[in-house]
Structure formats: structure tokens, C-alpha cells
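Heads up, there are several structures right after this.
Here come two complexes built around chain A, the first alongside chain B, the second alongside chain C.
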Partner chain A sequence: MDNIIRVDNLTFEYPEQEQLFKKLSLSIERGSWTAIIGQNGSGKSTLARLIDGLLEAESGTITVDGKVVNEDNLDFVRESIGMVFQNPEDQFVGATVEDDVAFGLENRQVSRPSMIETVQKRLKDVGMWDYRESVPANLSGGQKQRVAIAGILAVNPKILILDEATSMLDPKGRQDVLKLVAELKEKNNLTVISITHDIDEAALASRVLVLNRGKLLVDDIPSNVFNDEEKLVELGLDAPFTTRLANRLSERNVSMPDKYSNKEELVQWIMQLNSKR
Partner chain B sequence: MDNAVEFKEVSHVYQADSPMAADALSNVSLSIKAGSFTAVIGHTGSGKSTLVQHINALLKPTAGEVKVLGKAITPDTSNKNLKSFRKHIGMVFQFPEKQLFEETVLKDVMFGPKNYGESEQNAELLAKEALNMVNLPAANFNKSPFDLSGGQMRRVAIAGVLAMKPEILIMDEPTAGLDPRGHHEIMNLAKRLNAEGVTIILVTHQMNDVTNYADDVLVMEQGKLIKHDGPRKVFSDPTWVVDHQLNLPDSASFALELASQGFNFNELPMTIDELADSIAGGSMNE
Partner chain C sequence: MNNFIFGRYIPGESLIHKMSPQAKLLLCFAFVIIIFFANNWLTYGVLALSMIMIVLLTGISILFFIKGIRPLIWLIIFTVVIQILFTESSNPWWQWGPLSISAHSLITGGYIFMRFLLIIMISTVLTLTTTPLGIADGVQTLLKPLKKLRFPVDTLALMLSIALRFVPTLMDEMESIMNAQRSRGVDFGSGSIKQRIQSAIPLLVPLFSGAITHAENLSTAMDARGFVDSEHRTKYRVYGWKKIDALAVLAFVAIFAIVLLIRN
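Up next, the complex of A and B:
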């Protein structure tokens, strides 16, 4: 298996706090979409920052696309990973939308013609080309995140990490951003890691990791993780709507499938029961 | 007193040509009953925040009259009179933890009561009571608020508002960015306060919270109040809801999915239990 990220025996703690990670190991396959879920304080964002070299591990190694994350390889690691943070306000540097997208390219001394071409392409990719001359402050939250993603894609990362990137958006903004990420992943063969406590966002992944106080408690496919309402609630999370509905129907003596169903599957199941009554 | 809040033909125009102009209110008349749990919903930029900022006099109307707890604010009200006005109206802003500033949790929560003239001793009592209400363990009282987790910081900020014993509590997306447990804690706190008689005004994008907690709904669009009704009535016309770029609660949207395949509902279910009852009834009977 081709693992683009490997974490081996990672140990880390913040000053004057309990140890967060104690010999944590995991790997992420190239081209996959992985959701990392867990409560506030579970270590999700810290893990992302360690992988990106924004924080330094106490012991253990992290490898990104074949290179160990350390001071010597920091440029390589940062080129490989694009991070989208929770608050779009915190990541704007340009006076206009197109300046902002060009920023990363200017830093890399890309020639002007190629810069203009890339900015145009990426703003079109995220559906924000019409807003190229707008001031970022005047955009909605979802639009800001789309511009932030354009800026990240402009420098061609292999890995996209969404760190609660949709948690401040209204429902429509959230849907727009997630749909965009799914499209871009296919087009650019990206590896996506989404750190979230939104269970519907996690449902888009092919693999779900549950972190709790720095420990990897669950590593499974979404349908297995989502079917256990009791466990999710115990971990401070919510089960998806369909799981909660299926459990409430079971309580009312309606027979339910014993595995996780998405919305379409559950609708079909109920209609079949209804036709047989 | 019956109404906690009354708006009479209230308009608010921000300075002309400013980029905020779209957020203004135009000719809004409404009343909010004392003791109600009122949700304010609408698309981003619809005027929800502008509306609630008139209720605690952060903004004065540029036309019309706002009456809160019997006191009137008009465009001519002098700013000097607004402080006493605000005392009984608590406002929890979006991301309220950004406003924490004191050295310790306790001092931060005491700031409000002291600012309104309570003695050190009384302020401490009020602060401790408020921190208990938000379920923050006493072990944290003397910590720096900045050493707490995001969810705990949020609760400290809310305690700072509760320590003033507001009669009206306005919450502007109080659970944005919180994990599900944090979300339930804050919503249950609002429910508890409401049961104790506090009028709750909740600005939210989460329609499940509207049907689970609110008994009255204001729908804003482009600065206008386009609907004011109970949650069941507001969501009973799905076409109207979608036309106004709003979402349905999960239960209603799932029920519509079933209905489109021929399942009969007497009434569109608004909560997961109502939905489960309808399905169990439909498939078990006959």
C-alpha cells in the first residue's frame, strides 16, 4: 500500500499539560479521503499541526510523501500539504481575492504570466472567478473558504487538510465547500484529511479515525463507525440522522436493518415495510 | 407584562454607500412575548444580527420605535440612557470567548456585575452562581480563561452574561464551532433558563434546534420580517422554505423524501420522535 503519511510512535504534550499523544501510530493512503473525528481537545488539530511541521514532536517520526518531517525537509512538507483552517478571516493576506490567491505563488517566485494563468484557473475551479476584484472582507464565509482553497491549490499540494474548515459556515456554505473538495480531489488526485465534528462531513470519507484524548479509539469504515449511536454519544459525538431514526424505530418495534443505512437506503427500507403491511 | 419586545415600523439604515447597507432593517413591526423561546432565522446577511442588536440597544433605529421591557428607544433617545437599559438584556455574541480578557475565570465573570455597581462580594456570589449554571467545575475558577478548552471558554463567556441576571437573553449562533456535546450543553442551558422565566432569543442556522427548542420563529430576508409564526407553521410549507433559501429540519426533510415515494403523513413531522411515531403507526397499523 502506498502511504503518503506515516506516523510512528508519536509522543507529544503541550507545556504544563497532560501528555496528549503517547506512541501514536497511523498511516494515510495516497489518494484516500480520511475523516478524523473527536471532541474539542481530542488532539485532532494538534495532529494536523504536527504533520505539517507547525509543531514539533517530542519523539517518534512523521513521514510525508517519503520524507521525514524535520527542519531540513520543512519546505518539502509544506509544499506537499495545503491546510484550510476553521476561520477564513485568519488566513487572508491579499487586498483583493486575486491578490490573495497569488500570494503563495509570489512567495515561490513564479513568473508573472504563469501566475496570472494559475490564479485564473484556480479561481475558476472554486467558482470564484467573478469575484476576483472583490475585497475578501465582503464575501460570505463559504465564499471566503473557497478563495482560501483556491490559494492553496495554486501551489499544487498533494494533501489537503481541512481543519474544521466548514464549522463556521451556514448550511449552504458548508455544502458548497464539501462538494467542491470532492470534485477537486478527483480532478487533482488529492489525498484529503478532514478534521471535523460534523458527522455528515465525516460520511464523505472512505475511512474514519476517532480520536479521544490523544488515543486512536476507532479506525474503521464510516458505516461501522456510524452504526453505534451509544458509543458515539459516549465519545461526545452525534450519530448520523439515519442511525438515530433507525434506533428510534427499533424501539417502536419496527424491524430495521442491522447495519448502517444512508438516507436513500433507509427510505427504501421503510417503503418496503410499508408496502408489506 | 405580556410583551418583552415590541418593534413599531423599525428601520435601520447604515451609512449610505457602506458595504454593510444590505444588512439594514426596513419597516419591521413585531412583538416577542415575555417568557418565550424565539428563534431568528434567515440567510447570511438577512438582517438577523442587526435585528437583535436593536433589542439590547447596541443599535438605535433610524426610524420607528423599539420597546424592550417597557422602555422605548427611538432615533432621538440619547446614548447616555442606554446603559441602564442594557442591564436586563444579556447578549451572547458569536464566538463570545474572543471577549474574555481577565486573569482568572472568576474575575472575568465578575466584571459585568461590578461594572453595574455590585460590591466585590456580591459580584463574586453572582459569578459563582453563573459558573455553576454553565456546569464549569470550581477547580477552574482561578485558572486563566485562556488555559481552558474551546467549549469551556465559551461557557465562561456565557456565564459572564448570566451573572447579570438578564430577563432577556439574546444568543447569536451560540454553538457555532462547538462539538456535539458542547452544542447539547449550551442548548439545554438555554432551555433551563427559559423554564425559569428568561425570554430567550436565539439567532441560528440550525433548523433542528428551531423545532426542538423554540416556540416562536422570526424569519428575516433582506432586512424584512417575512414570517412570524410557530415552528410547525413556518416549516409546514416546504416549498416556501426552500424558495427562501432556508433548510428544513432533518425530520421534515426525511419525511418529504418518504412522501415523494407515496408514504402518507397527516402532518409533516418536526422532530425525530414525531417522525418515528408516524412511521411506526403507518407501517404497523391496518
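Up next, the complex of A and C:
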């Protein structure tokens, strides 16, 4: 198996707080979509920042695409990983949409003609080319996140980390962004890590990690994780809507599939039940 | 406040709009210097005529220019009156202690008035036809020579552009904080000065703490996007020196030459 990220025996704590990670080990496969879920303070965002070298581990090693994350390899790591953060306002550096997409390219001292080409291509990829001259104040949260994604893709990362990137968006903006990420993942062969509170977002992944106070409690495919409503509640998380609906229905003696199903599957199931009557 | 900073720019397609910001900024300074060379009615007449031409070229309604002058009207009147009253003359029409009015003092008062008017008009032309970002970029270009003295021009420019970009964000936040505090009974903008200052505290504290959070998050995001320092970067946005800029410079040289020829 080709692991693009490997975390070995990671130990980390914030100053004057209790130890967060104690000998945490995990790996992420190249080209996969992994969701990391957990309550506030579970360490999911911290983990992402450690992987990107934005925070320094106390001990243990993190390897990104074959190179150890340390001071010397920081440029390589930042080049390999693109991060979309939670607050759309706080990652919009440029004065206008096109300036913002160019920001990462400017940092890497890309020549102007090739910047112009890349900015245009990436803005078209995320469907924001028509807004290239807009200022951030005139954009919705979802549009700003799409611009942020364009800016990140402009420098061709291999890994895209969504750090609660959709949590401040309205449902429409959230769907748009997630659809875009899924599309771009296929097109650019990205490895996606989405850190999220939103179970429906996590359900898009091929693998779900549940963190609790810095410990990796669950590592499984989404359908196994999300079907266990009791376990999820025990971990302080919400079960997805479809699981809750299915459980309530089976309490009323309606026969339900015994594995996790997403919205479409559940709708299909219920319609079939209806037609059998 | 929002209008004060952003409402000034009026989008347009005029020749003046199309000029590059650094040329406009430079010529704006040049015009102010030329104004100080004027010393008779003829020179002021030439400058006023040029000003009218420039205003017409912007294609912006004269009302916006009047709006630009209005906040400064008391300062102008005060200065002009002082100038008239304190200018000494050999044959005053009216005298009271050190104060006097004469034909000469009225004329110098008139000059001062023209000077004010022209300076305000030319700077209003600049702010009405140039985006705040354009002005920031213009300042950066004009400061470039200071780089030789190790003055961090690029850092300053990046700071300026980020500051401008966050103004609307912080405005929005201030609005929500004000509403939140109003709903708790804080009364903004009434009562004695002491009360008003006190009511600003519950507004400023959350605003500042919010601004600091923004700054922290932004710096993380900049780090993650490979930002190291502002000196080792290429530039996406460049303003070339255009034909229209060269024409404008020529026109200003001509105005300056005429003023030098006909001044006393």
C-alpha cells in the first residue's frame, strides 16, 4: 500500500494543557478520501496543522510523500499539501479574486505569464472566472471557499486538507464546495483529508477516523461507523440523519437495511417497501 | 465611515479612469506644486481652466466634487477670512487694531481660496477615479526608490492591501456587535461625551479581539500557502506605463510652462 502520509508515535501538547497526542500512529493512502471526525478539542485540527508543519511535534515523525516534516523540508511539505480553513474571511489574502488565487504562485516566484495562465485555468475549474475582479466583500462564503480551493490547486498540491472548510457555509454552499472537491479529486488525482463536524460530509469519504482527546478510537469505512448510532452518541457525535431515521423506523417494526445507507439508498429502500404493500 | 473610504470611487471608463494609478498620484502631487507657482489672476485662470477640463474628462457629475469640498468648507472660509484680515496694506478701507481690509488683502484672500479649491479638486479627481487598491499600488511604486535604503516597501504594500481588504469585514463585524450590544440595552450615540465614550468600550473590545483572531488565522493561512517574506515574490498585478499616462504628463508639463511664463 502506498501511504502518502505516515504518522509514527506522534506526541504533542499545547503549552499548559494536558497532553493531546500520545504516541499516535496512523497512515493515509495515496488517492484516498479520509474523514477525521471528533468533538471539539479532540485534536483533529491540531493533527492537520502538525502534518502541514504549522505546528511542531514534540516527538515522533510525520512523513509526507516520502519526506519527514521538519524545518528543512517545510517548503516541500507546503508544496505537497493545500489546506482550506474554516473561516472563508481569514484565508482571503488578495484584494480581488484573481489576486488571491495568484498569492501562492507569487510566493513561489512563478513568472507572470505562467501565473496568468494558471489563475485563469484554476478559476475556471472552480467556476469563479466570471468573478475574477470581485472583491471578497461581494462574495458569499461558499464562493470564497471556492476561490480558496482555486488558490490552493494553482500550486498543484498532492494532498488537499479541508479543515472544517464547510462548517461556516449555508447548506447550498456546503454542497457546492463538496461536489467541487469530489470532482477535482478525480481530475487531479488528489488525496483528500476532510476534518469535519458534519457527518454527511464525512459520509463522502472512503474511510473515517474518529478522534477523541487525541486518541484514535475508530478507523473504519463510513457505513460501519455511521450505522452504530449508540457508539456515535457515546463519542459525543451525531449519527447521520439517514441512520437516525432508519433506527426510528425499525423501532416501529419497519424492516430496514442493516447496513448504513446514504440518502438515495434509503429513499430507494423506502420506496421499495411501499411498492411491496 | 464605509462611504468615507469606499464610496469615493466612482467606476467609469473615462480617460482619467484608464490612467495608471502611479501616474495619477504623481501628477496629483505635481499639480499641487504647480499651484504654488501661481501668483496672479492669469495663472490662476489657466489652472482653473485646466481643472475644469480635467473634471470634464472624468465624466463624473460635478455634484460629487461639490460633496468632496463640503466637509472642508469651514476650514477654507476660516483661512480666507484670516488671510483677508491680517494682510497688511498701506491704504486700508477699514482698520481696527491689527485687523484691516484692503483691496490687496481681498485679492490675496481670493488667491488662497483658489489654491484650496484647486488642491481639493485635484485630490478629489484622484480618489473618485482610482480604487483604494490602485492608490495603495501607486504609493508602492512611488516608494520603490526607498528600497535602496532597505525600507520594506513590499511588506508595507502587502500590509496596506490586506488592511484595505479587511475594512469591509470589520465593518460588518462592528455592525453585528453594535446590534448585539443594542439588544442588551447599550445606547450608542446619545448622552454626554463621557457616556458616549463609555458606550464605545463594549464595541471596541470585541472588535479588537475579533481583529486579532482574524490576524492570527490569516497568518496561518499565509504560512500554509507558502508565504515566507514579501521581498522574495513575483507580482501578479502590475501597472504598466501607458500612452495615456505619457500624454497626461506632457499636458502637465505644458501647463507648468505656461504658468511659469505668465506669472509675475
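Convention: the second predicted complex is superposed on the first by the 274 of 277 C-alpha atoms of A that agree within 3 Å, B and C clash if a C-alpha of one lies under 4 Å from a C-alpha of the other, contacts with A are read in each partner's own complex, and residues count from 1 in each chain.
Methods note: contacts are C-beta pairs under 8 Å (C-beta built on N, C-alpha and C of every residue); 3 or more make two chains touch, one makes a residue touch a chain.
Quick caveat, the model's predicted, so the values are computed rather than measured.
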Which of chain B and chain C A:Asp125 touches, first, second, both or neither: neither
First (chain B), second (chain C), both or neither touched by A:Ala95: second
Touching partner for A:Asp176 - first (chain B), second (chain C), both, neither: neither
Touching partner for A:Asp65 - first (chain B), second (chain C), both, neither: neither
Touching partner for A:Glu201 - first (chain B), second (chain C), both, neither: neither
Touching partner for A:Val110 - first (chain B), second (chain C), both, neither: second
Chain B and chain C contact sites that coincide on chain A, given as residue numbers: 135, 137
Chain C-touching residues of chain A, taken from the complex the two chains share: 49, 52, 54, 75, 78-79, 81-83, 85, 87, 89-96, 98-99, 102-112, 115-116, 119, 135-137, 151-152, 155
Chain B to chain A touching residues, read off their complex: 19, 43-45, 149-151, 176-182, 205, 245, 247, 250-251, 254, 257-258, 261-263, 272-273, 275-277, 279-280, 282-286
Touch list for chain A against partner chain B, complex: 39-41, 86, 135, 137-138, 140-141, 164, 167-168, 170-173, 197, 199, 236-238, 241, 244-245, 248-249, 251-254, 263, 266-267, 270-271, 273-274, 277
List of chain C residues in touch with chain A within their complex: 133, 161-162, 164-165, 168-169, 172, 213-214, 217-218, 220-228, 232-238
